[in-house]
Each structure stands twice: as structure tokens, then as C-alpha cells.
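Working notes for the structure below.
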């Protein structure tokens, strides 16, 4: 009897997760309907106008969708040489050695730093560098955000890739060495091809992180509600526009912000699912 | 053709070395931000890192300005943020640990079950959800219906963030335990409930506890969802139905107030110390109670 | 240590002079081994687990260089060159290796697996050269007829025995001076084992081979000479027939009669 109740409680907890997710989707969808109903889902998505002035009030998500994609992809691009080096360092060159666990600890700590502290650091330390480099006058913008985002996602991209690289069977590598290959040739022709799906999945997950990152970007991107004209320009991401304008919003604006939240949720969910699917296939092989 | 390969051995080795040094250099460069951030936070934060920080609430902008003009230290601390973080995160722990553990046990016990697979998928979905979106959810669920910002709303947001992390770590840890543990317990005539509480969870304690600690340290620094839910308060608040501050929220406030901006560093320093401490404990626990 | 004298007046293809290998300083997995291997012979290396037979084999193509703490001393002369003083990449191309577990590269086709040595070494070949090497190597291991219509399939789709023959073909494609085999049939079924053994006897016309084996009857079936190692030392190296009928050393006899193993 006691066992039955206990098992039922466990089941109930699982059902709660189902309800939670359903509730999340319901909350987002129901509170987006006002905006979607007014503008139409598709027109809302592709409209780059974001004009809260009462007389000409009009809201669209395109500026922020593009701002999000620019920052996230540029951050991903910037992070690759570093995160991939760390992955090779830990998963190949110094696999299992003391120095590698030291590097891992440092990377773990980087992952633990809160977004807002990254934002402060970006504002006070990196922004002056961006100004000195002449990238833009104020320092704020896509470029600054992407640099800081790139550092923030290094731990995510590298730690998973490390795992996949270190799973490459030793006998494959020895087979390649026995044919006279150098280390980099083994890495290029054996280790990377065998772990490629996993590595790609790690970078997709890192991209998902970058897409949803809020505080640091809010503090660094410049917060302008239009399509950024290139990497030096200021802009807003989907997450940063919500963080910035949610507090004082109501009516259509509030509903439009929640609709942007829904879109962000859908985009990150798709990205994460792709990565998980790839990883599931890898682990089955 | 073989000759040409041998002739290029030097070039190939050169390339091999070059990549090796590239990897070392870029790995090293990837480490630098941590030390620069730590240096910045410590060197700018230690001045205001004093007893006041823990015993006094946020000063008003005016008081801070006066103190600054008189060349005195800023008269105040972040007590309201510390208590707020304790309240909000504490409640989130209270909500998320029992549910997360139960779901984790459920998933590890019903691996092949279709329903369990769906739940597992949903946990992944929740884990990847941006924190700002979670803020919106808690706003829609709690702030709107209750008619105002509250510590409760903040803790609901953090609960949604912690749940998938606790579920995953519990599930993974329990899956690693040998099946024979459970069978041995049941064979001794123990009830299923007892097997879970007296054998499975204690055996996997290291992994489960580590997961909880990491989840706590992750949400301690969360700012965005709290902006939409707990809002912030300039005084100490223990009422869960009232708006409340938290350390990261105060950092955000200070950042936006030129008179208080110096306090971002001491607050960040405290936040980092707590987070790294939790990470360190998690690492030690993981090593000590390895499955 | 008993040496082996040459049968047909040929120079040895491989000579060990006082070879020792240590994993930790002062602890030797292989101790002062000196002997010679002659062309077109199959030499079986036997001994109980942990006697150093694989370690000795892997010293020849410098596989120990891959692990920081392993030290090899002495001289290993392969075709007149001291292996330990030659570039390991060059050595490894002169000595083909076949591993216990068949390890075709899973990301490459059968065709590319045979050519892996060229690809890995960055040697550019034109299409005709490639086709020729692939066909020759696969014919050499009697795999050509079985896979010639499946060249673009992945090597991992083959059966265990076929995979191992593919790995032998991969090693032979680089035209090595000597073929080193580390228990190449221990992961295979008896029928596949039999086919590999036939193949090795065939290959003996062109190559010299060292084969580490646990299986005494395998040694008896295919090897010309046998080395018996015990606790890192080379106890006896002799003509296989002689060693199996009249071992010179008591420990060899004990091992062969199953007193230990």
C-alpha cells in the first residue's frame, strides 16, 4: 500500500513536468494572441518596425530576430578557435593529465560566472578596447556583445566537444599512427571525422545558449530598436528587448514582447532538439 | 611517389608542431578572461567589501552622492539583496528539490516507458529555455494573477530553472548505480519506498547533491527572470508576497545609478565568492561520494 | 638467451641488440633482448600474459613514443637503419602493424581504408595509381573478389575476419619491410582465423612477419621460428619445430606443456 502511494507520487511529479510545460506553452501563446491577432503571426515576425509612440503604435519582431542571429552567430564564429583548442587540449593532447584537469577547472569557473558580471566586465574592460580599436565610437553594439558572448559560450562548446573527442577509440588512433601519420594528421583524418556529429551538436547547443543569453547582451548591445546595419552597429536581441522594455510595458507592447518571448522559445527549442537528436544518434552508434 | 612523401616529413612535422602550439596558445588565451574578471572584481570590489555590506540595506542615491562629495565610503550595504536572495533561492530549493528528485527517480526507474521518454524530452526542453522567457512565464503565472511583483514569483521562475538540472543529475546518477543494489534490497524483503530512500538515494548521494549545489549556484546569479518577477526592493523583506531584492538585482540597480555604481564590484565579489564556493563544494562532494 | 642462426645465408631484416623497455624507471617490461629476424619468415612471439611480447613488438615501430613515460633503449636495426634513431613516422611506414581488434577507420570507405596510409601521410596519387594499389593490396589479402563491388561502403560493414584482412591490406599498401601482428586472430572466429592463417602463409613469399600469439597451435601451424618470452626476457628463439619438439630451456618446456600460461 505504502509502495503504491509512493509510486503514484513519483508518477504525479512526472505529470507535473508535463503540466508545467503545457502551462508554459499556454501562457506564452495566450498572452501573445493580442499581438498576433492584431498584426497576423507572419506579418509580426517579418515587420522590422518597433514604434511605441501612441499615435503611430506598431510592433514587429524582425529587428530583434536579426539582432539575435547576428550576435549569436558572430559569437559562435569568434568562439570556435578558442573552444576547439580547449577541446583538443583536454580531449587529445593532454588527455587524462593534471594540466588538463586544471584547464577544465578554469573552464568550469568561467561557466559559473553570472551573466550580469560578464556584462559589467564587458562594459568596463572590453568596451574601452572596442573604442580604442575604432570599431565604433560608443563601444556598444553587436560587436561588443558578440565578443563577450563568445567568451561566455566557450565552456559549453568546449566541454562537450572534449567528451566526444576523448571517446574516439584509442585503437583507431594507434592504427593511424602505425601507418606513419603525425598527430595532427591523426586528428584531422581520424579523430575529428569520428567525433564530428558530437562536435557539431556541442556547437549547436552553444549557439542555443548564445541566442537566449540576456543580461550581458542587454548591457552591451546599445538597445536600439531597428535592424542592425552590420556588426559595428548597435541593436537589440529578442532577449535584450524583453529585459529592457518589459517593466514599463502594457497593452499591445506587452503582448508583443511576450510574442517575441514565444518566438525565442520556439527558436531555442528547435536548436536544442536538433543538437539532442544528433547526440542521441551518436550515442547509439 | 613514396620518395616525395619522405621528403616532406620535415614539413609535416613542422605543421604538427605549429598546430600543437596553436592549440596551447588558444587554450591559454581562453583561460585569460577568468583571471582578468577575477582581478577586476577583486581589485575594485575589496574597498567596499566590509561589514556594512552585510549589515546595512541599500543607501539612497542621495546619501551616496553626499558621502561621495565628502570623500566618505558609501554608507550602506546589500543586506536587502542578501536576505532577498536567501528568501527567493531558499524557496526555489524548497520547491524544486522534492519535485526534481521525484521526477529523477521516476525517470531512472521507468527508462523504457513511453511516458518517461516524453517527460525526459520535456526536461531537455525546459533546460534549454532562455531565462528571460522563464521570467515571462512566472510573470504571467504569478505576478499578473496576484496583481503585483513578489518574491514568490521570483522563486517560481528559479524553480523552473532548477528543476531540469536536478532531474537530469538525479536521473544520470541513479542510472549509473548497478541494478543489483535495488534487487538486493528488494530480495531482503524491503519495501520499494525503503529501497529508494535507504539504498538508491544514499548510494547516489554524491551525484544528486552535486547536481543540486550546481543548480543553486547557477540560479544565484540569475538577474533577468527576477527583473520580471521579484522586481527589487530597497529594504529587507521577508514577506513572500511582497517585491524583494536579490544580489544580482542590486548589481543591476547599482549599474544604472551613477551615485551607487561603485558598489557593483563589492556586490559582484560577494556573488562570485558564494558561487565559486558552491562550485568547489560540489566538486569535493562529487569526488568524495563517487558512485 | 639462445639465438637463431640463419638458414639460407641472408642478412637479417630485423635485428634486436640489447633492447629494453620500461614503463616506470627501473621496472622493465622487456629486458635486454638480442636476436635477429630473417627475411620471408614468420616468427611467432609467445609467452604468458604480461611477459612483454606485445611491448617488444610495439617497440619496433615506435608505438611507445605515443605515451610519454615509456622508455626504449638498445638498438633495433630494421633494414640497416636503427629504428630508435630514425624518425618514428618513417619507421612506422617501414613496419606495418595489425592490431588485436580489427580497426578499419569507420569514417572511410573500404577503398579509402586501403589508401589510408597514403592519405594520412599526405602522399598525392592519381586515380590509376590509387586503383592499382587498392586492387593489388586487396588481392594480396584475398578480399578483392568479396568487396570489389562495395568499394564505397564503409569498412565497418564487413565481418570481423574481412575487417582484419582489410587492415592487413591497409598495412601492406604502404609496402612495408616487415609486418607486425599483435594477436591478429584472437578476436575472430575459427573459420576467419583459418583464412587469415592461410593468408599469412601466402604472404610469407613477399614479407617477413612477427606475430604475437597466445595460441600455441597457431604458432605451430604457421610460424617458421618462435620466440618464447618470460618476465620480459627472451628465453628461447628457435626453429618452431625444434622448439616444440626439443625445447632447449626448461621454462619453455613448462610453458609448452601447459605447466603455466
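Points to keep in mind about this one:
Should a chain be cited, it is by its letter among A, B and C, assigned in written order, with residues numbered from 1 in that chain.
Keep in mind that, in the parts below, contacts are C-beta pairs under 8 Å (C-beta built on N, C-alpha and C of every residue); 3 or more make two chains touch, one makes a residue touch a chain.
Everything numeric in this text was worked out from a predicted model, so none of it was measured.
Arrangement of the chains shown, judged by which pairs touch: all-to-all, with no pair of chains left without contact. Remark: the per-chain Cα centre closest to the mean position of all protein Cα atoms belongs to A.
Farthest from chain C in terms of Cα centroid separation is B. When the C-beta pairs in contact are tallied for A-C and for B-C, the bigger tally goes to A-C. Averaging Cα coordinates per chain places chain A and chain B 17 Å apart. The distance from the centre of chain A to the centre of chain C, each centre being the mean of the chain's C-alpha atoms, comes to 50 Å. The geometric centre of chain B is 54 Å away from that of chain C, both derived from CA atoms.
Looking at chain B, one finds that residues 12-13 touch two or more other chains. Residue positions of chain C touching 2 or more other chains, listed in rising order: 89-90, 93, 121-122. The residues of chain A that reach two or more other chains are 182, 185, listed in rising order. Contact residues on chain A toward chain C in their complex (touch as defined above): 169, 171-172, 174-182, 185-186, 189-190, 193-194, 196.
The residues of chain B lying in touch with chain C in their complex are 1-2, 4-6, 8-9, 12-13.
Those residues of chain C that touch chain B in the shared complex are 87, 89-90, 93, 118, 121-125, 129, 175. Those residues of chain A that touch chain B in the complex are listed here as 2-3, 6-7, 9-14, 16-18, 20-21, 23-24, 27-28, 31, 81-83, 85-86, 88-89, 93, 103, 105-110, 112-121, 123-125, 151, 154, 158, 182-185, 187, 205, 208, 211-215, 218-219, 239, 242-243, 246-247, 257-258, 261, 264-265, 268-269, 271-273, 276. For chain B in complex with chain A, the residues that touch the partner chain are 12-13, 15-16, 19-20, 22-27, 29-31, 33-34, 36-37, 40-41, 98-99, 102-103, 105-107, 109, 115-116, 118-119, 122-133, 135-137, 139-141, 160, 163, 167, 191-193, 196, 217-218, 220-224, 227-228, 248, 251-252, 255, 264-265, 268, 271-272, 275-276, 279, 283.
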